[in-house]
C-alpha cells in the first residue's frame, strides 16, 4: 500500500520534502535518492533509510520506486520529468516544470502521447486553506462574477543572487498559478510597473514591482511584488466581484496588548506561512498515486502556462513596462477545464 | 435662542465642559461661573467672556442663567442640584448626583414634587456610538434575549489618591449606568472578587477587581476593573444573548506593519476614548433645554440607582467578597421605563 | 466674533453645509443665501433665519457677509470665487474649484495678485481622522520612504446620470487630492485600466476602473474605482514604505456573532463615512476665518492640480488606456510645500 | 520503528483516532481493536486491517500491541489504564482518566509504583497552536505576571442527554486542564454562577453557566460555558497580566463583504476548531512512544486534578452557587512542575 518515492535532488527543498513524505504524510516512504552531489545524497538517504542511486535515470528505472519527486536544479527538471513519463511513473516536479516554454511543451506533448496524466507541478498555494475557502466562496456565487483581484506578495529580504526577473519567475509565479485556478480563467497579457525602488535593495534589483495581468474574461489583476519589505512574509489577495468581495485571512496569531499597542505577529517566511499547504499538497498527491488515479493538482499544462506568463512578465519588465500579450498555445482538451 | 449656561465649579472637568459648551456645541453660551476658588472662577470666566458670581445660589438665581451645570466637588452636588430644581431650572450634574443614597433621594423627591424632569446626570457612555449601536442591536432582537454581559474597564495608571472603593465609585459606576440603560433592567446584587493584586499598584489598593452583578431579569454581568493595567485605556463590553452576541468595537485606528508585527494604537485616556460621547451628551442636553423639553439623558433616578449599586459593591469589597443585595427603593412611575 | 457666512447655492450639499455651520460648528452664522432657484433659497434662508439675496455678486458684496461658501452648480464656481477674491473675502468652494484647468488658473492668479490666501477647496478627506493618523505615521518615518499606495473607492450604486468620466472627476478626485497631501508629492502621470464591467451597471458606464498614478518621487498609486459595488461605501488606502506599511481603518462598528458568522456593518454612504471629516473641515475653516488667518485646508492650487490630474485621467480613459503625462504648470512659491 | 497501537473502544471518537493514527500521523499502525460491541470492533478493524480481540485485557497483553489507546466508555477507563500500566505499556486515555477522584488516584499510585510515566490523558487544547503561542508569550514575560483569565466555551447546541453537571465534567474540563498548564498554577476553588437560562435549552439544563476559579497564586478565572449558544462553536481565552494581555485568535477564515456587512465564518464544531490540535497531540504521543521516552502531554496527575476540580465545580452548582474549595492531594514530586 505504501507509495515508494524516489527523490531526484537532495538540496534544501528536497530534504524538506523527504522529511514531509517520511514524517508528516502517511502512506509514503522514500526508497531512493539521487543528487549531483553524491555526499549530500548519501547524507539524506542515510537519514531516512533510502538507497542512493547514481543518476535520475537510474532512480526512475528502479523497481523500488513507484513515484518520482523532482527537486533538482531547475534546468534539469524537464529531462527528469520526461524520463518519468516515458517510464509511465507518476512524477511530482517542483516549480518550474521547465525553464523554457519549449521544454514545458515537450512534457505536455509526452504526457498527451502517454494518454493519461502523470505529472503534478509543485504550486502549493492551491492547497492553502485560505485560497480554498476563497474558491468555495467564488464557486458558491456569493460575490458574483469576479472583476478584479488585488494581490501582494512580500518577503522580508532576499539574498544577493536574486535578480529582477526572479520577481516574476520565482515570486509572482505562485500568484499566476493560483489565480488561474481560483478564477478558472486564463491570463492573456502582462505589464510591469516599476515604483521607486527601495533603498534597502541591491543596486541591480528593481524592487518592488507592480504586475498587471488581464484574463480572457477581462478580469484585471494587480500584484505588488516586494521582496525586501523588511517587516515580514505577507501574502494578500482580495477578489472583487459584482456583488461583493472576498479576502484572504492573515494567519491566526494571538493578539497582544502592551505598551500602548494591540499587535499580532506577521509570519517571517513562506515555510511557516504555507506549512499546511505543503502538507496537504503531498498528502493529496500520495493519495492519488496510491489510488492509481490521475493527480488533481497543477498539471503539466499549468506548468507550461505559468512559464509563458512569467516570460511575458519579464519581457514587459525588460521593455520598460510595455504591455505584453501572452503567447500561449491553445489549451488541449486533454487537460480539461478553462485555465 | 441661545441657552445661557451657568457653571458651578471651574476645575479641570468644569473648564473642559465650558470649552465644549463654547467651542464645540452650538446654541449655548456660558454666561456665569462660580467656584470656591475665586481666582480660578475669574480665569475661566475671563477666557470665555462670562461673569463671576460669588456662590452657586447666586448663579442659579441669575436672570442671565437659563440652565445650570454642576461640576463642583462631589459632596456639594446635591445642594446645587436641589437649588436648581427649586428655581425650576434645568441642571446637568456631573457624576455623582450625590455622595449618599439619601441625598440622591432628596433630589428625586424634589424633582417629583416639581412635577417634571429637570435633572440630567453626567454618565456619558450612553452617548457613545458603540454603545448606541449595541443598544440598537439588542432592540432589534438580533441576538435574542440577553443572558450575560462581559466587561472590562482598564486605565493605564491612577494617581496615589485613588483608593480601593473608587474602583466601584469612580470607575465601575460608568458600566453600572450604561448596562442598566443597555439592558433596560435593574441590578439587584453585587459581589467583588479580588484577584492577585498587581505589583504595579500602591500598597493600599486592591487592583484589579472583578465585579459580579445580577439583574432583576437574571442577566449576569462580570466586570474587570483594572486601573493600573499599564498598556492603555481599554473599554470592552460583550453582551451574550440566546441567539448570538454583540461586542463593542475598539476605536478605529490605522494598522501598521513593521518589524514583524501588525499593530494598532490603544487609546491612553478616557478623554480621547469618549470625546465623541461627551460632545453628543452636551449637544443633546442643550437641544433639550433649548426646546423646553425634559432631558433624555440619565435621570436623577439613574443617579440614585448608580449610587446604591456602587454602595453595595463597596460593601461587598469591604466584607471580603460577600454577595450583597442592592437595597433600592421601588422605581417611581414618574421616571418611566424599567431601569 | 461670530463669522457671518453667505451661501451661494442652496441645493442638497448647500443645505447640508448650512445645517453644519448653524447646528454643528460654533462661531458661525449663515446670514445670507442665494440660489438660481429663488424658492429654494427662500426656504433655506427661512429655516436658518438668513436673508435671501438675488445674486452671488450681491451676496459677496453684502456688509453682513464675512465669508463666502460656494455650493452652486460646478460651472459657476470660478466666477463666484473670483468675485470673492476681488472683494477680499475668504471663500470656501466645494469641489471642483472650476470645471476647467484654465478657470482654476484664473483663480490662482487672482489670489496671487491679491497677495494672501483666501480660497479653500472642499476636499474633506484631509480632515478624516484615519488619513490624519496615516499622515502622522508617514511623518514620523515609522514605515520609511513611501513607495506604493493601494486604494479603493467603492460606492454601492450611482444614479443614471453618472457617466464614465465622472469616475475620475467626481470620485477619484478625492483620492487624488488626499494622496498629494498625504505623500507631499505631485502626481505626474495617469493611466486607466478597464476591467470587465459589472453587469449591474448602466450600458454607458465603464465600471469598475483601475487608475494608476505616478508621482514626481516615483511612488506608484493604484486606485480601484467601483461605483456600483452593491455592498456598501468602502474606502481603502494602504501606503507601503521601505520598512513597513500603514492602512486606513474601517470605521468602528459593533461586532455581531449570529447564525454562524461574525460580522460588522459596512457604511452605506459617504455622508456617514465622512461625517466627522466634514465637521472638522468646517470647524477649522471657520476658526481660520475668525482668526483672520489664511486657510490651512486645500488651496486654489490644490483645486487646479486636482483638475489637471483628473483631466489626464479622463484623457487616458478616452484613449483606451494610454499613459498620459499630467500637464501641470510649475507650482508657485506662493503656495509653499511640494504638492 | 512503527508504533503498533491497540485501541480499546471503537465508537465515534475511537474511530476518529484510528483514522488519525492510520491516515494522518506517520510512524503508527493500529494492529488491534476491541469493543463491547463486537460488530463495531470488527467493522473498524476491517477498515484498517487490524485484528479484533475479545477484551481490553487481551489487547493490552497482545505481543502485537506496543501502546494502548483507551476510547471506551468513561467508567471503564481506569481499569484499562491500570492494566496497561501493570503491563508496562504506554497508554493514551481519552478524558476522563477516571470518573472518580479515587480511581484517578489509583492510576496515579500505580504509575508511581511503576516508576516512570506511561499515561497520557487526552486533553488536546495543550496542542492547539493558539494556546501554545499564548504560553510562549507568558513564558517570555511579555505581559508580566498573570492576574486574571477570561474564557468562554460555547457550543451551538448539545443533545438531550447533556445534563447540567456535564457543563463542568465534559465542557469546562478542557479549560480547567489547559489553564493549569498555561499558568503553571493550581486551581484551589470553584464557584458556579447561574445566569438566566436560555429558552433554547432543555428544561432540565442550566445553560449558560459562569464558572469562577481561583488559583494558588491568586489568579482569578471566569469561564462562560454556554452549550446552546446557537451561532457556533466559539472558544475565547484572554489572559491579563501586570503589563498587558494576550488573547487567543479566532481561526483564520476568509473575510467577505456583501449586502452591507463584512463577515467571517465561525466554526460549527470542535472537530473543525481543534483538528490541528488533535493531529499534533497524536503525532507527539507517537513520537514519544517511538523514542521510548515518557509522554510530554497531560499526565495521570493532570487527569486526577481535572477530576477533583470538576467535582468541586459540580458541587458548587448543586449547592446553588457556593464557593467550594478544591480537595486535592499534595502533588507528588514524581510529576514535577507546579500544576
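Each chain carries a letter (A, B, C and D) given by its place in the written order, and its residues are counted from 1.
The definition used in the following text is that a contact is a pair of C-beta atoms (placed from the backbone, for glycine too) under 8 Å apart; a residue touches a chain by one contact, two chains touch by 3 or more.
By chain, with names taken from UniProt: A, B, C, D = Inositol 2-dehydrogenase.
All figures in this text were calculated on a predicted structure; none of them were measured in a lab.
Novice: Could you tell me which chains make contact with chain C (Inositol 2-dehydrogenase) and chain D (Inositol 2-dehydrogenase) both?
Specialist: A chain counts here if it touches both chain C (Inositol 2-dehydrogenase) and chain D (Inositol 2-dehydrogenase), which gives A, B.
Novice: Starting at chain A (Inositol 2-dehydrogenase), find the fewest moves between touching chains needed to arrive at chain C (Inositol 2-dehydrogenase).
Specialist: Contact-graph shortest path, chain A (Inositol 2-dehydrogenase) to chain C (Inositol 2-dehydrogenase), evaluates to 1.
Novice: So which one's got more C-beta contacts, B-D or A-B?
Specialist: Of B-D and A-B, more C-beta pairs in contact link B-D.
Novice: Examine where the copies chain A (Inositol 2-dehydrogenase) and chain D (Inositol 2-dehydrogenase) touch and state whether the two sides share over half of their residue numbers (same) or under half (different).
Specialist: same
Novice: If I average the CA coordinates per chain, which chain comes out farthest from chain B (Inositol 2-dehydrogenase)?
Specialist: A
Novice: Per the centroid of Cα atoms for each chain, what is the distance between chain A (Inositol 2-dehydrogenase) and chain D (Inositol 2-dehydrogenase), given in Å?
Specialist: 38
Novice: For chain B (Inositol 2-dehydrogenase) versus chain D (Inositol 2-dehydrogenase), what separation do you get between their C-alpha means, in angstrom?
Specialist: The separation of the two C-alpha centroids amounts to 44 Å.
Novice: In whole angstrom, what separates the CA-based centres of chain A (Inositol 2-dehydrogenase) and chain B (Inositol 2-dehydrogenase)?
Specialist: So the centroids are 58 Å from each other.
Novice: Would you please write down the residue numbers of chain D (Inositol 2-dehydrogenase) that are in contact with two or more other chains?
Specialist: 230-231, 243-245, 250, 257-259, 264
Novice: Which chain B (Inositol 2-dehydrogenase) residues qualify as touching chain C (Inositol 2-dehydrogenase) in the complex?
Specialist: Per the touch definition, chain B (Inositol 2-dehydrogenase) meets chain C (Inositol 2-dehydrogenase) at residues 22-27, 129-130, 133-134, 137, 142-143, 243-259, 264.
Novice: Tell me, which parts of chain D (Inositol 2-dehydrogenase) touch chain C (Inositol 2-dehydrogenase) in their complex?
Specialist: 230-232, 234, 250, 257-266, 268
Novice: What part of chain C (Inositol 2-dehydrogenase) is in contact with chain A (Inositol 2-dehydrogenase) in the complex they form?
Specialist: 144-145, 147-148, 150, 152, 193-200, 208, 210, 212, 217-220, 222, 224, 226, 229-231, 240, 242-245
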